[in-house]
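Both complexes below contain chain A, partnered by chain B and then by chain C.
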Partner chain A sequence: MKILGHKPTASAWFGLVVMGLFVIVAIFTPVLAPYPESANIGGTWDEPSAAMWLGADQIGRDMLTRIMYGSRMTIGVALAITALSFLIGIVLGFLSAVMGGWVDLFLTRLVDVMLSIPGLIFALIILGVFGSSIPVLILTIAVLDSTRVFRLARALGMNLTVLEYVEAAKLRGEGTWWIIRREILPNASAPLMSEFGLRFCFNFLFIAGLSFLGLGVQPPYADLGGMVRENAAAINFGMMAPIYPATAIALLTVSVNLVVDWLLSIEARPSGAQAEL
Partner chain B sequence: MSTSEKTILKIKGLRLEGVRAGNVIVDDVDVTLHAGEVLGLIGESGAGKSTIGLSAMSYARAGVHIAQGSIEIDGIDIRKLDAGGRRGVRGRRIAYVAQSASAAFNPSHTIMDQVCEAPMIHGLMSREEAESWARHLFKSLDLPEPETFGNRYPHQASGGQLQRAMAAMAMSCRPDILVLDEPTTALDVTTQIEVLILLKSLIREYGTAALYITHDLAVVAQVADRIKVLRHGKEVEEGTVDGVLQAPTQDYTARLVAVRGAAASERADPTSVKPEIVLKVDHIDASYGTFKVVSDVSLDIRRGETVAVVGESGSGKSTLARIITGLLPPTAGTITFKGQVLPRSLAERGKDLKRTIQLVYQIPDVALNPRQTLMETIGRPVSFYFSMGGTNPVKQGGHQTVQESVGRPSSLYFGMGAKDVDKRTKELMDLVELPQSFLTRYPTELSGGQKQRVCVARALAADPDLIILDEPTSALDPLVAEEILKLLRRLQVELGLSYMLITHDLDVVHRIAHRTAVMLRGSFVAFDETEKIFAGPYHPYTEKLVNAVPVMRSDWLDGVLAKRAAAAAA
Partner chain C sequence: MAKLIINRLLLGILTLFAVSLLIFLCTEILPGDVASAVLGQGATPEALVIFRKELGLDVPAYLRYWNWLVGALQGDLGVALTNKRVIVDEVLPRLGNTLFLAGFAALIAIPLAVGLGIYSAINEGKLSDKLSNIVTLVAISFPEFFIAYLLIIFFAVNVELFPSLSTVSPGMPFGERVYQTTLPAITLTLLVAAHMLRMTRSSVLSVMSTPYIEMAFLKGAKRGRVIVRHALPNAAAPIITVIALNLAYLVVGVVVIEAVFVYPGLGQLMVDAVSKRDVPVIQACGLVFAMVFVLLNTLADILVILVNPRLRHRR
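Entry: the complex of A and B
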């Protein structure tokens, strides 16, 4: 079976299937979850049973339900962050590449400054000042992450701006916006799509990490990183409780990475062929 | 050209197929090469000549598969060897010289490192021996400072020097066979002749057999003993050089030969020239930073005239085009277009002014956006310049526009709705002789010649007075380039267009240009009617250029060498 005109490898299949499962679960959680998000059903760290397939969390809520809602939350937030950071990064990156001169100079130096500040510390400061509401979270991390997207978009844009067909558009008198939209963007979409997948993974892990530290998504919302934090003490008793959310994080990250790897390998050699020696 | 009877390379029944689609790339081709002999492989793009050259080493590029055939080097079928055996053969018995020298050298190693690599890997020489052999080769290839040339990095050598260094790299193991894949195509005419002379002497001195791959018949005539003509992966004809060039038996070969000869008889049509001066360049200077690229250039182009600007790489002719279009503002001098002074930079020019000067690029692959259909590519200039809300220069009491001279009411072109844009785009396709069904295609689905026609159509869509053509046929095969030239001539007569043609190809200049300017290091050394420039007496640089163009006679190069020897002795 072919996807996007190419046959996926075995690892790509694994990635696609797992990713697909997560997406379906994330979208249809209210329908699929066995129990409501914060319902107390059992006791602390109950063993897995027929009623609760993965057992209970630290205050007796169904682990499976919490994981489903947690995935939904974390994926949703990470997706929003990545989308916003790409919007900012691509617009500024292409603008910088096409306009050159002072605009380019100013933007690249600004991004250099932002990149020189350690991301986690920066995020913690902003979140500490403005509070950890979800909009603030999304905005902060998106702005921080857009610097990396800016760099990629600018590099792609610079390669494309010097091509003759872009020059032909400039000679015609097309505006900068038109050139970005019609000449540069369609030709840069392939590497940007792969980058989207990669940055999604990073943002996902970053959010989970912040929640683990207690500064990301706040209770009662379920969040995978927060769940690891809350259930961490169970390890002392030899119980599996924190492993489940941690595995969910790992599975999603690995599967997205596998799919991105496959997309990148297609890009590198579209025909999929090797030289014959 | 001493050849022995020993067959050094014997390819029988070679068949190469594409891996995915199974399409046939090379169909049942035989190649026989005797020791010390040079065989020229001639053909257009897609003929399979490079593929055959590479398969002589039993190598197929990604996506290509050697389906059948035996490849014998000195009696041993290398296809039957294992990978290690083949590695032992490559470089030692047979070596490859690629078309682009800069892509064949690793930029992070010195040239000496790379030239010495092969003999050391094959265990033939120690490092010291390899280095002294390399210096000997550098000397015989006439490289500057042969003792220390190897210490340079590839980016510190010019194109011609790198090409010779690549020949040294190929000869480092003293192979029996050299595969030369278009070695001089990327070089200027004056560099080409030097490299040809050296290659020929190298081949003769070491008795190496060679496969010389090219599409230039005149070049191959100088170096080869025999010629094989290829088309679409099949052999068309094979014979001695003189036999194939003077008396081709096949129709296709005859056409290839005739294209070269056309330059002798065809001339630009003087009737299309009108006295009105369209472009006037007065004493232009321009620099990139502190480096002066153009100094004191003046020219003028009349309506319906073609002015050619001839020169080698680095002469500044492409820069001149950029100055006229406004991409590089001149530091001194003025440019006048139809009586009005042109603003120096692009940003200061109005939309209508940008419309009247158009540019056609050399490489159609990068000149067209691969993600836009032809409809979008050609339709955009039409709707951009002429759609509703656009200005109508005729109504504003402007000049006589081209469309009026063709007898069409100008109202058709201004205030255009979507349907009119559509109609006009289809007309443009007819004008460049492309089927209208191509409008939904993407550039990747077209051939080189078709893409260049699309570039011309895009330029015409703006309804310009002047089209600047930057080496429009250099990247095309000779037969295809022929068609494009015919198209350009026809359009000039029909539409009264003026052309500024930038090129290094003197044949094209003879056939299409009314006047020619010869450019050297940023200034004109001559500017006059084409006939007068090439009839002599010559400016010394013009003479050098003219003498460097290979003539399709197998003894031409020997003649040049004899003349030089005589001049040196005198």
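Entry: the complex of A and C
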């Protein structure tokens, strides 16, 4: 079977299947989950059983159900962040490349300064001032993340603006937006695609990390990072409770990375030399 | 070369200045102000006035920034809102703890990752290289706390080799301190080494595709010799950059690891401050973290200038 005109490698297949499963679970959670989101079914950290495949969490809710709702929340938030980050990053990056001059200078300097502070530290400062709510989280991380997208988009745009067809469009008198939308975006879409996967992974881990620190998605919403935090104490009794949500996070990020790795290896190969790997 | 280094140092100082401004501005972009945000909607006007005065919000913003900056330069980061402690006295020992942990991890991670990265590049395409590609990719994709909990399960619960919580106190002997921080240090090592290995490998390989390396091969030199004698001196600069980048990443990764092992470091202090919304402490921690970050990057750039043979002689 071929995807995008290429045969996926074994590891890419693994990634695609797991990714697909997560997407299905995230979309159809209310139908697929065995119990309601916050129903107390068993006791604290019950062992896995036939009724509760992964046991219960710290207040006796079904672990599997919570992980399904948690995945839905974390994936949703991470997707929203990545989409917003790409919107900001691509628009500003291309604008910077096409317009040049002081717009370019201002934006690149601003991004340089923002990138000289670690993202997590920056996010913590903003969350400390604004308090943590889902819109603040999405906006903060998206703006921080867009600096990386900006750099890529600007570099791609710079390479494209010097080509003849962009020159021709400029001479025809097309506007900046038209050039960005019709000439530059279509030609930069392939590298941006794999970057989207990488940024999604990064943001997914970022939001999970913040929730783990207790500063991300707040209860009562189930969220994978927060679940690890809530169940962390179980580890001292030798119980696996925090490992399950952590595994869900790891599984998704590993599979997205495997797929991106495969996509990058296709791009790196010169066209026409698509020998099977 | 001296000119280049001085330029880089000046740029570092300029960056720090810009960063401090940015950190300060972050607390200014609120609709309303910090006082009303922290106290919430139920705050009485009187309480707001008192709190504003306490925060110094009755002074114009540029003056507050100036005072904060001058204070920070003199080693005075102000007083915490919640417990009224002098912030510097809390930050310094914790920064020491954090740097101890990060340094411990770096000491294991750097030789391990650079060595294996070069080994991987020498054996490009062989089984060991493919294996390391998959293993490091998987390790990179894991969240920090996942690796930490797996290690706790193995080394603190199943085999009771190390404590699952790293408690360190000021007067602790060095050996005991190392023992207490072994597990978090291993976690950090795994996280950073994977990144470093991949980047070392690719920077060695990118030098490998240059014409002079091809020439060395055509002369009949062995692959290992070509890499060590011909490629490495030119790959040194990107490798140093990679190390600095990862050390900086280490300082940040430490925040989550500290939370897992309840290690009394700067990251913990900052996370606590964020959940209590203690703005002066957040600003101070942010500034210190940013300083370490900028310092590492500047140091790396200077080292890169120093190891570049082309820049050693005056033209």
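Definition applied: the second predicted complex is superposed on the first by the 270 of 277 C-alpha atoms of A that agree within 3 Å, B and C clash if a C-alpha of one lies under 4 Å from a C-alpha of the other, contacts with A are read in each partner's own complex, and residues count from 1 in each chain.
To be clear about the criterion, a residue touches a chain if its C-beta (ideal position, glycine included) is under 8 Å from a C-beta of that chain, and two chains touch if they have at least 3 such contacts.
Computed from a predicted model, the values in this text were never measured in an experiment.
With both structures placed on the common chain, the touch criterion links A:A246 to chain C but leaves chain B unconnected. In the superposition on chain A, contact is made by A:M114 with chain C only, not with chain B. Contacts of A:D261 after superposition on the shared chain: chain C is touched, whereas chain B is not.
Judged by the touch definition given at the top, the superposed model places A:G173 against chain B, while chain C stays out of reach.
In the superposition on chain A, contact is made by A:V129 with chain C only, not with chain B. Using the contact criterion defined above for the overlaid structures, shared-chain residue A:L156 touches neither chain B nor chain C, since it reaches no partner. In the superposed model, A:A26 lies in contact with neither chain B nor chain C.
With both structures placed on the common chain, the touch criterion links A:F212 to chain C but leaves chain B unconnected. Taking chain A as the reference, the larger set of touched residues comes from C, when chain B and chain C are compared.
Residues 11, 112-114, 116-122, 124-131, 201, 205, 208-209, 212-215, 225, 228, 232, 235-236, 238, 240, 242-243, 246-247, 249-250, 253-254, 256-258, 261 of chain A touch chain C in their complex. Residues 19-20, 58-66, 83, 86, 325-327, 346, 349, 351, 354-355, 358-359, 361, 363, 366-372, 380-381, 384-385, 458, 462 of chain B touch chain A in their complex. Within the complex, the chain C residues that touch chain A are 15, 18-19, 22-23, 26-27, 30, 34, 37, 134, 137-138, 140-146, 149-150, 152-153, 157-158, 164, 248-249, 251-252, 255-256, 259-260, 270-271, 273-275, 277-279, 282-283, 285-286, 289-290, 293-294, 297. Remark: chain A residues 163-165, 167-168, 170-174, 182-183, 186-187, 269, 271-277 touch chain B in the complex.
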